[in-house]
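Shared between the two complexes below is subunit A, which has subunit B as its partner in the first and subunit C in the second.
Entry: the complex of A and B
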């Protein structure tokens, strides 16, 4: 017998898509029965109260969670978000219901022994409700009380060799695509770089010293599976400088509609698109029209290729990314709060990815950008907003990167150039008396 | 229940303290076939919706079965995922950026037993626990934010709107009949913890009433200068207010006509709540993308200014989404993303074929960038 009636939520149990309501109800039953004999450290009926307070929100059309208080683990300024229910009398099991962010392994691969350790810990000391994963990438543990925070952190660090993630005005836990681990398009090892950056900047991740949040996201190719270009203050997107590698025999297999060579790796199998047509589906969709197919030979004018990935995605067995690989760094992306959304802007077109020297070409850019932002950024000002306020030219100045046409989609359409004095021959100090000798008042 | 110590000593918090160790190393968790072929993959193929094979230069193959899941997930469900991974995948499993779960096996004969196992597992309410799909030119899982389950600023629910949307979109989760992939994202307020502003279709919670002012408590709970500084439109200024009992307190005054309902002040000051049953609801955006494929990444555009919160299944929202998906399927070319299709036919045609109303709310009036979206041409369609 459920503790609270949930007639509105119950209507979300039907339909094919996995029902979070069914899952939560099942979890509530498991806690109530407690066949494992867990000595629950937070209220046993917390999931029932969670369903109860959610039902109330469905009835009211308003949330029933209050602002977070300042809670956390000793020495860290992030990783825990305080959360309290605004109807504690009705739902005492979720009166204190804090979130913990646990740093996810790069690529989000797991072994079950780790996950089972985590679920055991969370059953004992929390609600048993999680997000796999949160939007930033962390494992999210939803719902525990203040006295449990240090205990959970102790078990994570001592028994699981596992740390918390970031929150607040910190470096947020970096997130990556699976990269070279299982993708032929990967231009660099995103798992390795993500792990390196996460560990290299642990201090920035745990102890708030920034004007606001800062996100790293790593896409190993321009397809952008982790959406870094839209949501990371600094995105690392794999690219290459030489030519696309072409296997002409395989190109012809696609042209001949060989069933072992389905276009776009089979992604359109359920549509009625007719036989594959290289002219229509590849050459004419190429954004720079840099390809030709003549006499059974595909020719790519690589100097005019912008590496959009379309031809490679469409004929993955025939076309491969080049060998001179690295990454582009784009900066300043963010969601609309406050001054409107910003897309990442290209800062470094090609940077070497070299684990042998601890990725120094990359960390140099990061440190220069951070020095500037920490010095000049206002409270709650994202990097993208600082760039807007002080200018892209200033960003180039502080990073020591030379301006180049790749930095712009097109040059400025107004001539209001803020010339600096040292850029103008003779400087700005002039003798008006001398001028008036030749130009009468 | 008795308190159980982890070993932590609150008297000596620094004793044996371990910090700054980061996440576990990814290599510990790679399946063998992944470890062996990393960086040496030749190509891949989507064999059927939700099932992929990746082939290494070595000739090794890894078969991946992708399933959808609610990102809000209980430990008992995670344990069940572990049971499946132990039974079929040598104890390995991975999650995707879009909250899908991937089970990997190293030979083809292991795929069918795995798929059958996944397909038979259902919740008591009848829904699938692990629906296979979410690949290629279809609709994959919706990335979303907390909503009413755990957040203080949402204008709608996350999990519920996603469940309602995925139920109506489910056929396209398990099929690959669309012109290109179609990414749906959900954020329950403007803060967009999950950035949805570059999605083919975005569901966004939005407030429409300016904050209420809890004068009696405001100065005690908030730093007034921080609340003032937090407002992007400078609508908040300090004031003094006389309470009913005659007591004069410091508080703030809000120019309601300047408010854009972002809730940023509420984040800084709990005495400025703005949630409201009638005021809150859903904005739909469309036509964004993050991939660099064929065309540049682009922002989503607001195509429905407001829909009320209709718990528990948001029918007006799902209707509008289905209208867009159906018109897109009818009209777009192969490989054309929703936004590229809308750009090609023109947004005036988009509203016509999607049967969506165009209202004055959809014309940008927010700062300089607004101008960029007005039509500066005589080229348009009647």
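Entry: the complex of A and C
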């Protein structure tokens, strides 16, 4: 028997899709039965009360959660998000219902024994409700009380060699695609760089330093499996600067519809697409129209290729990423809080990825951007909003990156050119006496 | 680093004085609010000192989840929003 009647939530279960309401009811039941004999450290019926307070919110059309609070583990300014219910008498099980962020492993590679340890810990000291993974990309453990925080942190760090993630005005848990560990399109080892940045910027992750949140996301190629271009204040997207490698024999196998060469690596082969047509499916879809297929030879004008990956994805056995690899850094993507949603803008078209020198070229850009944003950013202003407010030109100045055509989003709409004094020979000063020798008043 | 920021006793006093003076209207502050106390220092150096004061139990964090603020330990409501105390 459910503790609270939830007719409005029950209605949500009627759709064809998986339902979080069903999941929560399931979890409430597991806790009620407690077949494993867990010595629950937070109220056993916390999930029942979670359903109850949610039902009440639907009924009232307003939330019954307070916003934020003073909770955390010692020395950390992030990783715990305080949540308190404003109806603790009705729902004592969720009077405190804090969220903990836990850093996910790079590339989201889990061992089953790690997952078992984690869920066991969370059943004991939390509600057992998780979100794998949150929008930032990390492990989200939903619902525990203040006294449990240090206990959980102790077990995570001492027994599981596992750190908390970021929240608040911190660097957020960096997230990456699986990259070179599995994927032939990877232009750099995103797992290694993600791990390095997480360690290198520990202080920024744990001790609030910024006007607002800041996110790193790493895609090892422009396919963007973690969608870094839309989800991160700073995106690291793999690229190459030489040409796409072409195997002409393999191109012709695709053109001849050889069954060993299915387009898109066979990903859509169940559909009724008809025979493969290189003109229709590759050449005419190239966004810069920089490809030609004549006399059984594919030609790519690499100077005009924007590395969109389309041709490589379609004919992976014939086309390969180039050999001179690195990454592009884009900045300023964010969700629509102020000024609407924004994608990242290209800041550094090609940056060397070199673990030998601790990724010097990358950390230099990061630190220059942070110095500017920490100094100039208003409270709760994301990097993308600061760029809009002070201009992309200012960003180029503070990072010492020379303007280039790739920085131009559209032709200028303002005909004036504003010169700075140091850009003008002789500066602004003039010798009036010298001038008056030649010009009367 | 300025003399003020590098002197633990004096920088702590400056921060506590600043927060006490404002305590009537406000108990939670953004990191940027502290820049005014140390006009000659870089944000990164200021943040390190302010965070150390949290570790020492003089200040405490308040977090909404998306934003972090700082206050004197125990000042103001513990988990409520500003403007109603």
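Following the convention adopted for this analysis, the second predicted complex is superposed on the first by the 411 of 441 C-alpha atoms of A that agree within 3 Å, B and C clash if a C-alpha of one lies under 4 Å from a C-alpha of the other, contacts with A are read in each partner's own complex, and residues count from 1 in each chain.
Everything that follows uses one rule, which is that contacts are C-beta pairs under 8 Å (C-beta built on N, C-alpha and C of every residue); 3 or more make two chains touch, one makes a residue touch a chain.
For clarity, every value in this text was computed on a predicted model and none was experimentally measured.
Touch check for A:75: first (subunit B), second (subunit C), both, or neither?
Touch partners of A:75: subunit B and subunit C.
Which of the two partners, first being subunit B and second being subunit C, lies in contact with A:227: first, second, both, or neither?
first
Please indicate which partner A:375 is in contact with in the superposed arrangement: first for subunit B, second for subunit C, both, or neither.
second
With the two complexes superposed on chain A, say which partner A:213 touches: subunit B (first), subunit C (second), both, or neither.
second
Based on the superposed arrangement, let me know which partner A:163 touches: subunit B (first), subunit C (second), both, or neither?
Once the two structures are laid over each other on A, A:163 reaches subunit B alone.
Kindly classify A:67 by the partners it touches after superposition: subunit B alone (first), subunit C alone (second), both, or neither?
Both partners, subunit B and subunit C.
Is the number of subunit A residues in contact higher for subunit B or for subunit C?
If we count touched residues of subunit A for both partners, the winner is B.
Is A:25 contacted by the first partner subunit B, the second partner subunit C, both or neither?
A:25: touches subunit B, not subunit C.
Could you look at A:390 and tell me whether it touches subunit B, subunit C, both or neither (first, second, both, neither)?
Neither partner.
Quick check on the output: what are the common subunit A residues between the subunit B footprint and the subunit C footprint?
Dual-contact residues (subunit A): 66-68, 74-75, 83, 99, 379-380.
Would you mind writing out the residues of subunit A in touch with subunit C in their complex?
Its residues touching subunit C are 66-72, 74-75, 77-78, 80-84, 99, 167-170, 207-213, 371, 374-375, 377-380.
Which stretch or stretches of subunit C touch subunit A in the complex?
That would be residues 30-32, 42-44, 47-48, 51, 54-55, 60-68, 78-81 of subunit C.
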